[in-house]
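By letter and in written order, the chains are A, B, C, D, E, F, G and H; residue numbering begins at 1 in each of them.
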Amino acid sequence: MADFLPYIVAKYNYWAALVLLLIGLYGMIAKNNLLKKVIAMSIFQSAIILFYVSMGDKKGSTIPILLHGHGEHGALAIDPSQYANPLPHVLMLTAIVVGVSTLGVALAVLQKIHRVHGTIEEDEILESIEE
Amino acid sequence: MFTLATFIILAGAWLLLSGKFDAFHLALGGISCLLVALISQDLLFHERKKGLAARCGEAFRFLPYSCWLLYQIIVANFHVIQLAISPRLCERELDPHIFTFKTRLKSDFAKFVLANSITLTPGTVTIRIDEDVFHVHAISRKAAGDLETSETMSEMERRVAWVFEGRA
Amino acid sequence: MLNIVVMGLMLLGLFFFFGTSVGIVRFPDFYSRLHAAGKGDTLSSILLLAGLALYNLHHLSVDAILVSVKILFIIVFIFIASPTATHAIMDAGYEARVKHWVKRKTPKEPWPGEERRRQERHP
Amino acid sequence: MEQLPFLPATPALAILVSLLAVPCIYLSDQRPNLREGWTFAAAFAKFFLILSMAEWILAGNTHTYELCRILPGVSLSFTVDGFGMLFALVASSLWIVTTIYSIGYMRGLNEHAQTRFFICFAVALSATIGVAFAGNLLTLYIFYEILSLSTYPLVTHHQDEEARSGGRKYLTYLLSTSIGLALPAMLITYTLTGSLEFTSMGVFPADTAKPLLTILLLMFMFGFAKAGLMPLHSWLPGAMVAPTPVSALLHAVAVVKVGVFSIVRVLTGIFGIDLLAATSLNTLICVIAAFSVLVSSLIALSQDNLKRRLAFSTIGQLSYIILGAGLASRLGVQGSMLHIAMHAFGKITLFFCAGAIFVATGKKYISEMVGIGRRMPVTMFAFFVGSLSVIGLPPAGGLISKWFLVLGAMEAEMFWVLMVYLASSFLNAAYFLPIVYRAFFCSEEEAQFERKVAEAPLWCVVPLVLTAAVSVLFFFHPQPFFDLAVMAVQGR
Amino acid sequence: MNWDASLLWQFDVLIITMVILCAVAALTVRDLVSCAIIGGAYSFLMCLLWTEMLAVDVAFTEAAVGAGVSTVLLLGTALHIKRKSKD
Amino acid sequence: MHGNIADSAMEFFFILSGVLLLLFMFMPLYRAIWGPTVIDRLVGVNVIGTKTTIMIVLIGTLYNRVDMFVDIALTYALLNFIASLAAARFFQRHKEVGLAEDRAGGQSC
Amino acid sequence: MTAAQFPILILIIPLLAAFAISLFGGRRDKLAYGLLLAAMSGSFYAALQTLLLVLETNIPIHYRLGGWAPPYGIELVIDHLNAMVLCLVSGCALLTAIYSLPTVRAEIPDRIHHYYTLYCLLVTGLAGMVATGDAFNLYVLLEISALSSYAMLARGRGNAYYATFKYIIMGTIGACFYLLGVGYLYIKTGTLNMADLFRLLAEEEMQQSITIRIGFILIMIGIWIKMAFFPLHGWLPNAYTRASTTTSCLIAPLMTKVSVYIMLRLMFSVFSVEFVYGVIPWHEQIVWLASLAIVAGSISALAQRNLKKMLTYIIVAEVGYMVGGAWLANESGLAGTVYHILSDALMTLALFMAVGAIIHKTGKSSFAAMEGIFRKMPVTSAVFVLGGFAIIGIPPTCGFFSKWYLIRGGIETGQWLFVGALLFSSLINAIIFFRLIERAYFGDLSGHGHGPLPERDEAPAVMLVPMVVTAAALVIIGLYTSEIIGRIVLWTIPAGL
Amino acid sequence: MKKIALLITLAVGALLILAAEDFPRWGDAHAPANDYLSPYYIEKSLEETAVPNIVTAVLADYRGYDTMFETTVIFCAGITVLTLLRRTQRKAPKAVRPRPARQGADVILQSASRLLVPVMQIFALYVLALGHHSPGGGFQAGVILGASFILLALSYDLKTMLARLSENTLLRLSALGVIIYAGIGALCLLLGDNFLAYAALKVFGFSEVMAHSHGILGVELGVAVTVMAIMFSLYVDLASGGDLDEGL
């Protein structure tokens, strides 16, 4: 138990991402309403973004924008451990953009579904398809 | 003309925002401001009847008004907080209701300022403006104050009128 | 000294925010909640931001001043946007004829939408 | 393995020549004479190409031509040896005859889709020669599959429900066995040995586990279901719905013979006679084949439809060939090779006769053919010769091959096989001779035919006379085929 | 036990709690418009979390997208569909 | 990161006020999640949005890089009310805010 | 610009063409079509040149984007496998592009230029996925191809929307799983470059790391969802069935095949042979699953009465072939998988094109459409037959040879279940196709209810030419199997297998 | 279904929990993720690209290829939504009932947005231009610009807004943005360097470092234009259901 507690606590960022991920996954599979699925999809994606972002965090560092005052061309040595890891941020910017795009497309398809079937409940759509 | 004014205002905003005064960034700023001024020149100065000088006057008169407004806000806020925190007071004074009054302000912008001021002043919120009629929701009789009671112009409206129409 | 002013401003802001929050929870209907939200929120934001802007000035430099000015910008925008949003929400509620809490002891004059709605509910 | 003194690509050309005829035939769709001219041209060209190699082969050589590497380690290659040459000669010569016959048959019955018929025929013959000259198992398999597919439209030619279901059955049996059994067997062989070449020693190392060999053997034997071994035979009678030239092709020349040819090739070239004998797997082969021989003969006795009776007879005769190879003795293998040729000529004669009867009278059933010999004496005489050949009586070629089979059985000291041969010959006689008897020797009153019924068109009669004659000829002069068979056994 | 990996772990814990509450609420509320609105709150809080984890650019993007676009898109879609959800 | 005692005291104060802000945020959050009508939720979310702006500046101060964080806060201040506005527009078309059903939904979570 | 720039041209030409089409294509359909053709030809030419370059030197081409050295910047890596798949992608895209005009005009009433824009983007995405040497870049391109395929699928006949929506959900789950897996790798190694990952993951410590294993599992699950591997295939049939003709001709052959390629790529250029087959001890089970996929896909295909739906289930089965082959853990199986990527893409293309032409002319997609189609459309039905033969695995079409290698692989490892499943599905395919061929060629003539024989009404030449080319390719590639295997496929077999 | 979903979720959860123990400590500066590639970026980005914002430098230069496709993703989404929703025949019944017309009712909103929109736009451009030095960049700028148009469309109505910025303009702008991006890349190609290698831009008289810096700026501009156009076009299409007459 003494080992267990730090194990739980020290990675709370990871647990948070995990919980959100699972909520999103569950929602995407289990929810009957298609808009709910879309929202669950956003949650799922943001959980992954959270995971990446927390990966790039460094204790005692600052944001990955170099402090001014080095002169234009960085005459002073820059201590890498002083800045957070920029790479996950870059990746996640892309992931957010992809998320928004997917959201837009999913919503457009959703509207089309509603136009055709008159509903966005999955079971009702399935019924109307079978008829 | 108005585009130029817009440009100048925007340029001011740009300078404050960017905080970089080397040629490259200034040039970028110039281009940006020009662009926005061209896109949105009809937005910032919607009503073209008034001249620029009048506008400047308004801006100067607006400063004391905003100080007064801040004071009003703080005073009135205490009232709402009291209502929120003390159950007894809440029981006694809380009396939401809606009332209407007719404004004499002419320009849209003045109406907007008045409406926002009313909203900012705690206890009253502008619901809508139908032509000249303000629909206001007040949380208590006290909060409604002279907006509801005054026959001609409430104090706030008078001050707004002073700012925008130069009347006392 | 500066720090104390900052602390004062921020504490005041926190206090207002607390009041706002309590109001949001406690007030009986949506209109009055919106009152709490619209005002307390704006004021507390202004106070808190003002505190932070001031604190930022304590290493005085051009950059710091510019940053404080930016925070002032934020204040201005909140000043414009918050009441507008409040108004928009209130208007929406009014348009949607959200039920309006009326003090039971002293029935006042019906509010404009009341009559119409009653007719719709009980034709 | 020297090269042919002229044109090394001759085997490939022999295969290609009928494929080249396909577009020509297709394009002369509207002009029947030209179309059949092309077919003839192709048939003769093919025959002479093959014949041109015959001498070289008879001189004791084999010729190998590698067309391309189809997979690393396995190439598309053609080997001409005695066995292949024997089979190719039979097939290509019979194509000429069959073409003549089918012109008469198709025109006589005014069949539809004749162009398709001739195209498919040409492709099927290509594939047959391909199988005959296949230098390795993969090449053989490829042509085997092409043959299955190209004969399918022939079986379904009539396009009515019966033909379609016959065609379905045909394909189901052939494809499912070839894909489901032969292909994996081939792959297992390749995986085990790394080679698919036919060699007289076989490709399997001597220490291969016997159960594995047994399984492989069974897979190969039943995988080439064209041979019609007994549990997998029922496509053959089903395929009788096809027009008679097709049946002749199916049952005498191309299809079924390709089946047995493949099996014999696998037994001799992949397993190797010595290995079979050493592991006494040949007994297994013999048992299966013998069972097939006897049962099919018995069934044939009870068939009234002439073509079905011929079909069951074919099943039995094919099993003879496998039985001969399964004896794992040199004479036995020689006999089975010869029997491929002899039976081909005999059986095709019989089929031609059946077809001629159908063209002339429209009769299919034996019970309706009483007294037909008086109306169609030439046909029925050819029929008689054909039956003699199939039964194995002089003066027809069938005797020669059966003789070698019997010798082989004795050489292998498997006397029960001898008994099987004898018993089945009696059965053969029992189901063929009554037809002949009733055709000629019934009383005038019993005859069921009108006076006006006469011989079938000349296009039909000439071929069957030809094949019957050849059958007889082989009895007196079997030497070329005999030499080829001897070389096939020894040369490798 | 040195488990305050982040400088502001206190913030973290509170924000994470709220984020998870929002996520659950967004998926359980039956009114789809409410869904969209709670989704907005979710994105605000998420942005806060990222700011706090030093990912300013990510937070910036999320701020712009979450506040300016995605909620509006959801609401715009809600205009064209039935508002009530079964679950 | 911070040198003198006054600074660390301020840091503590800022952290404390941040924590308090976040704690108080639970109340609007309560409205946002359980709030009986949609508009109540909107009110809650609006407040959360404003406070997020402040939190961002606060975090910036704590990290000593306000100049970088203030842009985000500015964005928030500018964009925050678009969502409220959109929702308000929404209710101008769809007159009901879904009182009855919504309450059931609220209880389910 | 020198020859070294060809790899990027494969991607850039369709990308720029997409924008050009969206800008200028609105005025005239023909212009959009012309731009599309030009772009696809350019891309194909570049791909061909790249392939030749690779074949000439036999060393992979590394193209540094932005001029940055690999672990820091993104690079394109073109080796034998890549180059082949790139040729395949751009070749199929070119053929489909030529083929597209009549059906697109008939099925997509308005804004054809937008459709073509999406077409170009999809091709860009697929080619980019194939060419990239960076694990995260792969994700971005995956999303491009996914988004454009959502759009193209949704513009199908009838209501494709629900099927598309399901595809969006599944696709997003797949992509996110992939992303998460890449995150797991990144957290342990700190790099995203595939070659670099390969180097780092070879270390003993990494091989034992549970994070890496779980990352691998996540990536695989993600890709399997994308390629519709058996238990995760639910989205595919409906989505593809309802798609418009050109869409299905483009997506059906390429999408799953590129996913399979990516699986191979990740298995062997990011992880190693030892890791994939040694550390993760499940390859046998995966082969069983693949066998199940094959059987289930074939049986479902047998049960269909709609031509396109039947083909989609065949795709599901074919995916089982390839996944199974890849996990057989031997050279033959892997060679079979690689070769099957090529042959399956071509045969699916041929079949979808033929079916598309039939639907275009008859308006029906049920089996009834095939009745007597040979008289009506001889060339089309010939192409259909050839494609069917390839799927069944009849020599000398290329389908036979890929199956040959796959079965050999199964025999070598003793995976008899897989061998059985392959043979079983060949038989089922034979039944399926001969059932259709019978209808097409040997429709019942015994004469009940048949009017006069249908007139010859062949699809336009624009559609016929690509069809015939594809069908010819099936045979030609079959005949050149040895060349392809020896010069391309065997190069792709990783060392240590 | 729910049970299956729960099962799948739990299985995935278990899988992910398994890995947790193996992770490096959170915030560990010497975790491989933080120790391998990122120091290079942190140390070299200023030197090689003159961009203090490392995220921007990596985004638009080191991994510029990613970002190009990210922009393409956005473009693709815009085209997708447009092609799915937008109707050509206006005969179809209206998807949205018209908003009740209330004369002068929107004074407050309109005045507020008139005040805010220009500021938002200039702020967006500031974010774009100063993306090198502070957080932000093309994407954020684009979204804010798009949001400003959305705000206008909300407070006035869609038709008014589309009169200012028509749907065809939007489409052209969105393609233009990506063309700017890919065009800069292709320009580098034409100038004889690799695709997107901004160093080739030094022929215009910059130093190599500044060539990178300006290349990044140009690229970000392209991103902003596309994102702006697409964000607004997404709103237009989704809110009006493709009719382009009645929005939210």
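Criterion: contacts are C-beta pairs under 8 Å (C-beta built on N, C-alpha and C of every residue); 3 or more make two chains touch, one makes a residue touch a chain.
Please read these numbers as outputs of a predicted model, since none were measured by experiment.
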| item | value |
| --- | --- |
| Topological distance between subunit E and subunit F, in contact steps | 1 |
| Contact-richer chain pair [A-F vs E-H] | E-H |
| Central subunit by CA centre of mass proxy | G |
| Distance from the mean Cα position of subunit E to that of subunit A, given in whole angstrom | 10 |
| Cα-centroid distance, subunit C relative to subunit H, in whole angstrom | 32 |
| Length of the line joining the C-alpha centres of subunit D and subunit E, rounded to whole Å | 78 |
| Intercentroid distance (Cα basis), subunit G paired with subunit B, Å | 62 |
| Per-residue multi-chain contacts in subunit G, two or more chains | 136, 140, 143, 147, 150-151, 154, 186-187, 192 |
| Residues within subunit B bordering two or more other chains | 17, 115-116, 126, 128 |
| Two or more partner chains touched - positions in subunit F | 25-26, 42, 44, 63, 67-69, 71-72, 74-75, 78-80, 82, 85-87, 89-90, 92-94 |
| Chain-chain contacts as defined at top | A-E, A-F, A-G, A-H, B-C, B-H, C-F, C-H, D-G, E-F, E-H, F-H, G-H |
| Residues of subunit F defined as touching subunit H within the complex | 67-69, 71-72, 74-75, 78-79, 82, 85-86, 89-90, 92-93 |
| Complex contact set, residues of subunit H against subunit C | 105, 108-109, 112, 115-116, 119 |
| Complex contact set, residues of subunit G against subunit H | 1, 5, 8, 12, 15-16, 18-19, 22-23, 63-68, 71-74, 109-111, 114-115, 117-118, 121, 124-125, 128, 134, 136-137, 140-141, 143-144, 147-148, 150-151, 154-155, 184, 186-192, 209-211, 214-215, 217-218 |
| Residues of subunit F defined as touching subunit A within the complex | 1, 63-65, 68 |
| Touching residues on subunit B, where the partner in the complex is subunit C | 16-17, 19, 73-74, 76-77, 80-81, 83-85, 90, 94-98, 100, 115-116, 119-128, 135, 137, 139 |
